[in-house]
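Each of the next two complexes has subunit A plus one more chain, namely subunit B in the first and subunit C in the second.
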Partner chain A sequence: MLEARLQQANVLKKTVDAIKDLVQDCNFDCNDSGIALQAMDNSHVALVSMLLKAETFQPYRCDRNIALGVNLVSLTKVLRAAQPDDVLTMKAEDAPDSLNILFESSENDRITEYDLKLMDIDQEHLGIPDTEYAATISMPSAEFKRICTDLMAMSESVTIEATKDGVKFSCTGDIGNGAVTLRNHQVEEKPKENIEIELTEPVSLTFSLKYLVNFCKAQALSDSVRICLSNEVPLLVEYLVSGQSYLRFYLAPKIGDEE
Partner chain B sequence: MEDTPMDEGNLALETPASNVFVPPSIHRAATLRGETYTHFSPVPPSLRATTPTSTSNTTDSQQPAGVPCALGVDEAGRGPVLGPMVYGIFYLPLPLSDPLLKTTHHFDDSKVLKPEVRSSLMQTLCTPSTDLHASCGWAISSLSARDIGAHMLKPANTGSYNLNAQAMDATIELIRGVFARGVNVKEIYVDTIGQPAAYQKRLERVFPTAQVTVAKKADSLYPCVSAASVCAKVTRDAALEVLYEARAASGTKGAGGGDGAEGDEEEVDEEQSWGSGYPADPKCSAWLRRNMHPVFGWGPECRFSWGTAKDMLESKGGVKVEWPVDEDESNSRLTDFFMSSDREQDADELGTWFGTPAGLEAF
Partner chain C sequence: MGIKNLFSIIKDEAPGAVKESDIKNQFGCVRIPYTSHTSRSLQTKTTSSSMSIYSFLIAVRSDGQQLTNESGDTTSHLMGMFYRTLRMVDNGIKPLYVFDGKPPKLKSGELAKRFQRKAEANEGLEEAKETGTAEDVEKFSRRTVRVTREHNAECQQLLKLMGIPYIIAPTEAEAQCAVLARAGKVYAAASEDMDTLCFDSPILLRHLTFSEQRKEPIQEISVDKVLEGLGMERKQFVDLCILLGCDYVDPIPKVGPSTALKLIRDHGTLEKVVEWMKNDEKKKYVIPEDWPYEDARALFFEPDVRKADDPLCDFKWEKPDIEGLVKYLAVDKGFNEDRVRAGAARLEKGTKSGQQARLEGFFKPIPKTETEKTAHKRKLEEQNEAKKKRQKEEKKEKAKSKAKPRGTA
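After this line comes the complex of A and B, so read on.
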């Protein structure tokens, strides 16, 4: 049986909000170390990988490995009923056909309870090899979102180019072209605005902006985002939820004749 | 599309008369193929401009104009989910408008005229040697259900083409056709679709030589519009009949036993008919439900863009269609990079997630 109590319903709300437009149905795989989710979008271009470690919950209990097959649109409907600061508890039997979700208001004694029907989802898991990325960029998540939405107005795809001079997001569209360049930037007083670029070798890859803008919905989860690139490898965009819990997005690069 | 509620009386008026007169404006083959077409009646000789061939020296100046005419425009079958939407125009010499149409033949709004009366008026109009045939001309444009649906359902980014725009273009094409046939149209009366003022401006720009009047309820105000509405309505009724017969014929053929007694078949037909073709007509919705193919829906007689049809096909009994995602050739796939790892192969993140089996060395 599973019992997982989350101090802030918001964490799950924002996570589900961030992925529901990429994936419709997916399994929440629960085991004794936490709840994980891995799913590709229909076109197999993007992949979501979520891990909510047991430490994120207080308490957390999971006796057997359970796969909770959830329709994310339905889950969103249920989570909409939760206030951001409600305490959220998820419960399920060992071979569940429904997921029990409970919201407790911290202010008054209001208790909301839902049973969400589950489904059998046959899902393939992809093995994601450990990669030493050639470039790792940490930046404010709001900044990344701004870059993506701004460039989206111009073009469908963006070329991300990391060199020792900095990282350049550039695009070319029908009306012209545009680029944003960021450099290492660290100010002690405002660590939230830090931009950190670690580079072992120069990288240049092109990605579909539609997906990147979609990933940016996870901005609400974390102030900063980590972007990892290597030539001819999918891009990794990572938002840390809390502690070691994360929401990661992988995006396959565009191929062909950009140059 | 709004489904306007309709009471019993209206439904009776909208339901075509059985044995409706089939006017020459029915192009059977095109109707059955679900094509949009136009039909122009021959221009009565009395309206034609006196041909310049007889006189020698008027070649460079304007052709002598024919008799000044009034022209009315009206539509039939805007709301139904079945059958074409028909635009009708009707023209005749200005001074004849009132006496001939109103007094002699009692043309009125086709929604007021009984189906049988409409049908017989149309028959008179199409019979040579009658006064109507001698001095009046008419034309129709039949926008097929298939084309209406196809235009309306175009994706928004490729420029969808709504019903009003389709209707306006059909009207303009018809009037142009009459001008091209040498009729001297002086006054144009149009029953409105939407805003009269905007529509009037547009027509005035296209036909600067005519005096254009766009009005609500024009079909009950101007006799030539009433007559146009009769042309449109009878054509639509007949088209519906043609489509229905084709449907019914293929239906009985499919059923196998086809040669029951005459009387029996009549009864069955009556019971299974699609009525007026309006979504609010219970006969029509029952017919749609009975005759829906789970994948393809209906034939060219149905406007797939109508809410009634769409809902039925998408949610009530139609097969759910999963459209393939747009293949984007320029993007690589994640599956090109990451291998399926349902068997724990490498010690990667997700592979180890559920724990690796303890090897023999553990014991």
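After this line comes the complex of A and C, so read on.
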């Protein structure tokens, strides 16, 4: 039996909104430490990994491991009925056919209840090795989104190059080329706008902008984003939801045989 | 042709092995480009391979006239080759074409001859159906031989100009594709022919080269999952395919997909199945006189192919020779020059842009635990049971409603 109560429906709403364009159907794996989700997009280029820790919920109870096979489009339809500040409760039996979702308004006594049909999803899980990334960039999530959408206008792919001088996002398209360079930037009064770059060795990788722009939908979840890069491994884009709960995106690089 | 009814069996028994998706999701991988099968020469002709030059001809011919240029030479194969290759390149696929070589030769040689004779007879039959008179059949089959050979050469020249690599297999193109795919030189083998699975190609793509108008999803069949779903070793799987009826031997009368599956499951190997059939008192199944299943099996297990590390199997995607293409297609073959140039530009873009890697290249799937597997299997069986029950009931209903005399209802 699962029972998870979320003080702000918004957290789940935004999370699902951020991933529903990448993944259609996926399992929410619930166990006593929290609710996890791992899914690849159709073309197996991007991977979403979400973990909502038990602490994110108040209270959280899950006696047995349960996989909730959810169609995210349907879930979005249900979540649309929730106000951002509603208290959201999810309930499911041990071998559930449906997921019960309850919204309680914080302002009045309005209670909304939905039962969402579940399905069997035979899903492959990928083992993600712990990686020491060569470059880690923390920056405002809005800034990252701006860079991606701006460069998207020029080209399909962006080359991210991290050196000791800073991080350069550059692209080349039919109409010309463009680049954005960021450097370490810390202002005490405005910690939200800090840009931190940690680098152990220079990195240069090329990624599809289409996917990056898609990841940026998670901007609503968090003010800052962490981007981790190492040569010849997938890029990691991480948004912290609250506490230790996170939404991570992995993206396979483009391997250039450009000559 | 290929293997009869194999697809329906796979769909029922191992649904997890088949994935359908859009062409956009299929792209060659890191150093793992992608092989596409081929054009087939006459001897091994099957109408099933849609990428074959052959199918371009058939497709166009069924509409009436073939496409020709001013001097009357057929150009529809070049047209098809050019545009479908472009479509693949646009979607980030890097194709490698494998052409059929000679028909497979066995030690005995007998099978190969028989197989060839049969292919020729089939050919005649098909044409006879189309045109009606035996004379036409004769004429046409002769013409096809000649034309096909020229077409092969023309297509190879076109590919060369497009910068797309191709190799000529010693014998069966599918077998060669499978070897390359196994070695990781390409991501998958694309063919309509299900027997590519028997050659142990890890991934088979079907409907890849169907034209856009048909809006058919691409089927991705993973051989490992097929074997897992069927609960068989590769050897048994090949035996099953032979029993179902492959290109090399005839099917046994009265043995359909469900019987074949049952027989192999009950007896384990083809030898035992044959023995059982011969000893069966009722003589329900009659094995054709000339049924060299061992030879057929050998063809699947030891096809005459080049090893993947053979220098002849090296390939490289190159920049298209734009002027060469214009000269060949526009000047010699009467294509529209603007279109050729536009196509060449697309090709060039395709070779320039980096290859999108897949996550599987970096993260490995966590194998499922035994309990998960059995749970999944049980679920599957339940579903199949339910489906069969439903079908039975529907049949009953139908029979009932039919049994009622008319007008009384």
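Here, the second predicted complex is superposed on the first by the 256 of 259 C-alpha atoms of A that agree within 3 Å, B and C clash if a C-alpha of one lies under 4 Å from a C-alpha of the other, contacts with A are read in each partner's own complex, and residues count from 1 in each chain.
Rule of thumb we're sticking to: contacts are C-beta pairs under 8 Å (C-beta built on N, C-alpha and C of every residue); 3 or more make two chains touch, one makes a residue touch a chain.
All figures in this text were calculated on a predicted structure; none of them were measured in a lab.
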item: Overlay on subunit A: subunit C relative to subunit B, clash or fit; value: clash
item: Which of subunit B and subunit C A:A135 touches, first, second, both or neither; value: neither
item: First (subunit B), second (subunit C), both or neither touched by A:D120; value: second
item: Contacts of A:I255 with subunit B and subunit C, given as first, second, both or neither; value: both
item: Contacts of A:I101 with subunit B and subunit C, given as first, second, both or neither; value: neither
item: Partner chain(s) touched by A:S208 [first = subunit B, second = subunit C, both, neither]; value: both
item: Which superposed partner A:L47 touches (first subunit B, second subunit C, both, neither); value: both
item: Partner chain(s) touched by A:N31 [first = subunit B, second = subunit C, both, neither]; value: first
item: Partner chain(s) touched by A:V233 [first = subunit B, second = subunit C, both, neither]; value: both
item: Listed stretches 45-53, 243-251, 279-287 or 351-359 of subunit C, narrowed to the one that overlaps subunit B; value: 351-359
item: Common ground on subunit A, meaning residues reached by subunit C in one complex and by subunit B in the other; value: 40, 42-47, 124-129, 208, 233-234, 250, 252-256
item: Parts of subunit A lying in touch with subunit B, wherever the complex brings them together; value: 29, 31, 36, 38, 40, 42-47, 49, 65, 124-130, 208, 233-234, 250-256
item: Of subunit C, residues touching subunit A in the complex; value: 16, 21-22, 24-27, 30-31, 317, 352-366, 376, 379
item: Subunit A partner contacts - residues on subunit B that touch it in the complex; value: 325-328, 330-342, 345-346, 348-351, 353-355
item: Partner subunit C, residues of subunit A touching it in the complex; value: 40, 42-47, 120, 122, 124-129, 156-157, 206, 208, 233-234, 250, 252-258
